[in-house]
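As structure tokens, the structure follows; a few thoughts come after it.
Going by the order they are written in, the chains are A, B, C and D; count residues from 1 in each one.
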Amino acid sequence: MIENVRVAVVGVGNNTSALVQGLAYYRETGSLVGIHRPEIAGIGVGDVDVVTAFALSDAKVGKDLHEAVFLPPNNFPRLLPELAPSGVSIRRGLVDADGVGRIAAAIEGADVLLYSAPSGRTVTARAYAEAALAARVAFINTTSDPIARDSELLDRFTAAGVPLVGDDLASQFGTSVLHRTLLRLLEERGLTLVSSYQVNLGGTEDFRNLVVNDNTKKQSKLNAVGSDKVDMAPLGYLPQLESNKVAYFNIEAQGWGGTAVSLDLKLKVHDPSGAAGVNIDLVRIAAAARRAGRGGYPAEAAELLKSPPGTMV
Amino acid sequence: MIENVRVAVVGVGNNTSALVQGLAYYRETGSLVGIHRPEIAGIGVGDVDVVTAFALSDAKVGKDLHEAVFLPPNNFPRLLPELAPSGVSIRRGLVDADGVGRIAAAIEGADVLLYSAPSGRTVTARAYAEAALAARVAFINTTSDPIARDSELLDRFTAAGVPLVGDDLASQFGTSVLHRTLLRLLEERGLTLVSSYQVNLGGTEDFRNLVVNDNTKKQSKLNAVGSDKVDMAPLGYLPQLESNKVAYFNIEAQGWGGTAVSLDLKLKVHDPSGAAGVNIDLVRIAAAARRAGRGGYPAEAAELLKSPPGTMV
Amino acid sequence: MIENVRVAVVGVGNNTSALVQGLAYYRETGSLVGIHRPEIAGIGVGDVDVVTAFALSDAKVGKDLHEAVFLPPNNFPRLLPELAPSGVSIRRGLVDADGVGRIAAAIEGADVLLYSAPSGRTVTARAYAEAALAARVAFINTTSDPIARDSELLDRFTAAGVPLVGDDLASQFGTSVLHRTLLRLLEERGLTLVSSYQVNLGGTEDFRNLVVNDNTKKQSKLNAVGSDKVDMAPLGYLPQLESNKVAYFNIEAQGWGGTAVSLDLKLKVHDPSGAAGVNIDLVRIAAAARRAGRGGYPAEAAELLKSPPGTMV
Amino acid sequence: MIENVRVAVVGVGNNTSALVQGLAYYRETGSLVGIHRPEIAGIGVGDVDVVTAFALSDAKVGKDLHEAVFLPPNNFPRLLPELAPSGVSIRRGLVDADGVGRIAAAIEGADVLLYSAPSGRTVTARAYAEAALAARVAFINTTSDPIARDSELLDRFTAAGVPLVGDDLASQFGTSVLHRTLLRLLEERGLTLVSSYQVNLGGTEDFRNLVVNDNTKKQSKLNAVGSDKVDMAPLGYLPQLESNKVAYFNIEAQGWGGTAVSLDLKLKVHDPSGAAGVNIDLVRIAAAARRAGRGGYPAEAAELLKSPPGTMV
């Protein structure tokens, strides 16, 4: 029998709420609904435990993980009527590069350190990676900060036989993949794209942070869809959406004789669910690599990431 | 230099209007917009001529083809401000199996006989096929009547070295392929389908005929999407849509932790354009096969048909 | 203090499920959400009790009302986690005109008999009306069967001082009122309507019955919207929608210089909620009229009905 | 017979393109499509002539008005295949307060000076108003700059017997009125609003200017809809939309028993048409007031303006 995967997590936001509640949900219901891969290297969804968690907010530090995930600004919904205490008390996380040794000590015995804090704190992200390396714990960077695509750092993980997974998690069902799929279908059928746009609205704290850095995001989105005929509207932060993301697409094309083809689409999805549905796979890939003694970047993670090693920093 | 493909056509409805107007449009504009394959076996879109046409309506018989395509109930839009006379005068078509010899004589010298009449007149469809066989002209059946999937008839075409293409044209950009593509994407990403429906509305005479035989259509649509979680609403004939088809899709799914994913889509497309965009390929496939002396069913047509030979009659 | 209104109900389908569960919901939560009029003649929503109920199905007869409302084909959702027994045992209803005396005896002491069976059983509907008249209980006909607009019957209710309310309940938030409101707004602003359509989909048993009689419905819908530029698509029965109704509208218009204005709308609503939200008002209107000794048709019900007295039978 | 209304216009952007092309369109076609009021004080749509026009762009100054309206960044579509020269040569406009006398001389003989430049140039707007007052020509301010709601200025127009109309034109079919109408309908039917949002996308130069000043706009939009449960997404400038505006609305409400009601809407409309359809009314109101010797603010303009006199500056 395989030992459960032990996960330490940095950040107790919506994505961690979705992961932690989902683990309880699947254990309690026995369901496989919404699960991409029931097993990875023999590890089921129910074989993963969160054993340590770090956060910065005074309101969360010291609380039980199963209580902290419901504190604001988190707004991911409650998946189960009742959630028994986890026994994991939230520890205070890092605010800069100081404290690597403390973190390394705290995560000893874990298989994986899942870095799930907001993007944009590269110094801190790197400090956590150093702590994972020191403790010989696999490290997963879900943010857009350059960690796994820093080749010097990756070389050190590889040399030490410790897995390093990143960067920038691709959502389980994101708007880019859907938009790309539709545009590709049009092209395969011989239609000519005239114009297309996408509007993204969301209500999470993550979304609010993205809105602040909208121009960057807009550009990366364009790349993600891969057509200069596609316009991205500015992101809209709408608190009433809570943890939902809503996207509107329009595609205008031409068929035989130049006649019009138009397609309008609305997608509504819980953003943190899209993250958790991928994190559960990254955690199992990293843990399996570590147990197999494979250090560095596990190639099987590539399709789950937006900026894997080799992407321009 | 390749000689132009000479096409005789049965039926002067919207689909023939789209084909004939489109040929003029592409010649006049030099555009390739909405063209799936610029060349098939060296034959460009501009290398196809309609040289003979059969219709039943008194209003159309005797008229020039470029005039007849605008007569009611046809409602496909005008693609060019001006359309010079074609020089092809509409001939009276068959109402039953009598007159095979007359048709065979009339299509002599053509490469292809494109059968583009309404579905459901199997006896007549078969008579045209016999005429094509007698005249050694390739035959294309775009209707759901069983012609190419009648193995006895197909054997006779094969033996005679005459191509036989059919049955039941798949639209260039239909609702089934779009619905299937979206459902497949969901499945690939690990989401769980809860329910889905599709509503199809249209304003063509073809659509009106389908509405009358709705139950059959409903069933075949279900098969086309390939999921018992997909409901088809009854087809709606709305004259105001003219030659447009409008489809509404809804897909409800579950992601991580059972959270809701919902997707709503509206597609608007000119139905006859979808037919003409495929007919232009079938005509070139059939002509190329005939010129190469390949009789029977040309396998490269398979993806353009809903019920190719081998499908249950 | 006003005595509670005592209601006997015919039919234990979705509409009765919504009414009965809603009464419990408002009492338990103290909420006024979705309530059009908190008080009518001093009677609050919480001042209404269902005291007697008639059904035909063997599965329902003899069951407690709060259990029977969840039996198939009912598919209106559960509004409260728990629903204590009502103490009202379902009685067997009428299948024809026989048994008026039995019904009259059973409803004695009630203020109102709410006829909430499927439309199309006029003989039975009339028998219940006779029973109500005999027992001097106000009668409400929510179906399209001609009861209140039968002037001879109405005269007898008036003469006896017993209120008679009907016919054909207008939903609290129906598609007709929404469509009409949008078309009126366009007109007020000086836009010119080009074309418009409406598609209605639903999953209730009521909806299934309507689909069978689609032509009638189509016509009455057209009248309800009141424009010959509006097309109604055939109704679609989609079991997966359960008690939801989904409507799609499209409106194409022209503004200044003939430029295009287009409007697409999707509405999703629980059909039985729309009925219950109006039934709660009709019940209070009828009870108040009875207590005030006002027989016949209470004019204040007019806006809640599609075919009030005076409408052509 | 009434003499034609003579209009001088400031700004040759999309809104002027729509007005000028529309006047030609209605004269040529004789149509009344999209016209709110065929006559105002006996003045028909065809009784209005643009006789003078001012612009700042070097590309436009000196050109014929019917040529200049098609120059970039204008992107309002061509309404007629051919547009004969107007005989009106574009004059250079003001860049600050200098040149009032020159403008006054140029507009002598006009009935109305229509100020249709971008919002935000208050000093210049006021200079044009002074020129109109000096020339005793009625002045219309379609921008949000405070002109008519400057009580000192209004008093001077009133005293001089010259009409002053403004400020801030309300579109003929805007998103605010549509959103408000839907929310009011919900309320009238007793539904409880849970949340609602509106997303506005556009491709005009005006829209691009609004995006720059988004926060202001966002706030004024909220006021326009009049509910704190309504969120406005940031405006999106999408050049591919050209002169179209696209708005997406979502409304989530609760009906009987707290059950969900949801409504999704997409509106597509030519923004400059919405302006021209109102300008044609303001011009006739102002001209009629001037001819009747009524100075100051004509009350019948109130419903066509967002910030009439009395609104807080």
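One rule holds in what follows: contacts are C-beta pairs under 8 Å (C-beta built on N, C-alpha and C of every residue); 3 or more make two chains touch, one makes a residue touch a chain.
The structure displayed is predicted, hence computed values, not measured ones.
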item: Those chains which touch chain C and also touch chain A; value: B, D
item: Chain centre separation (chain C, chain D; CA means) in Å; value: 45
item: Distance between the centres, which are taken as Cα means, of chain D and chain B, whole angstrom; value: 48
item: Multi-partner residues of chain A (each touching 2 or more other chains); value: 264, 266
item: All chain pairs that touch each other; value: A-B, A-D, B-C, C-D
item: Chain D-touching residues of chain A, taken from the complex the two chains share; value: 195-197, 199, 201, 211, 229, 231, 233-236, 238-241, 246, 248, 250, 264, 266
item: Residue ranges of chain B touching chain A (in the complex, touch as defined); value: 18, 21-22, 25-26, 29, 31-37, 77, 79, 172-173, 177-178, 181-182, 185-186, 189-192, 253-270, 273-274, 276-277, 280
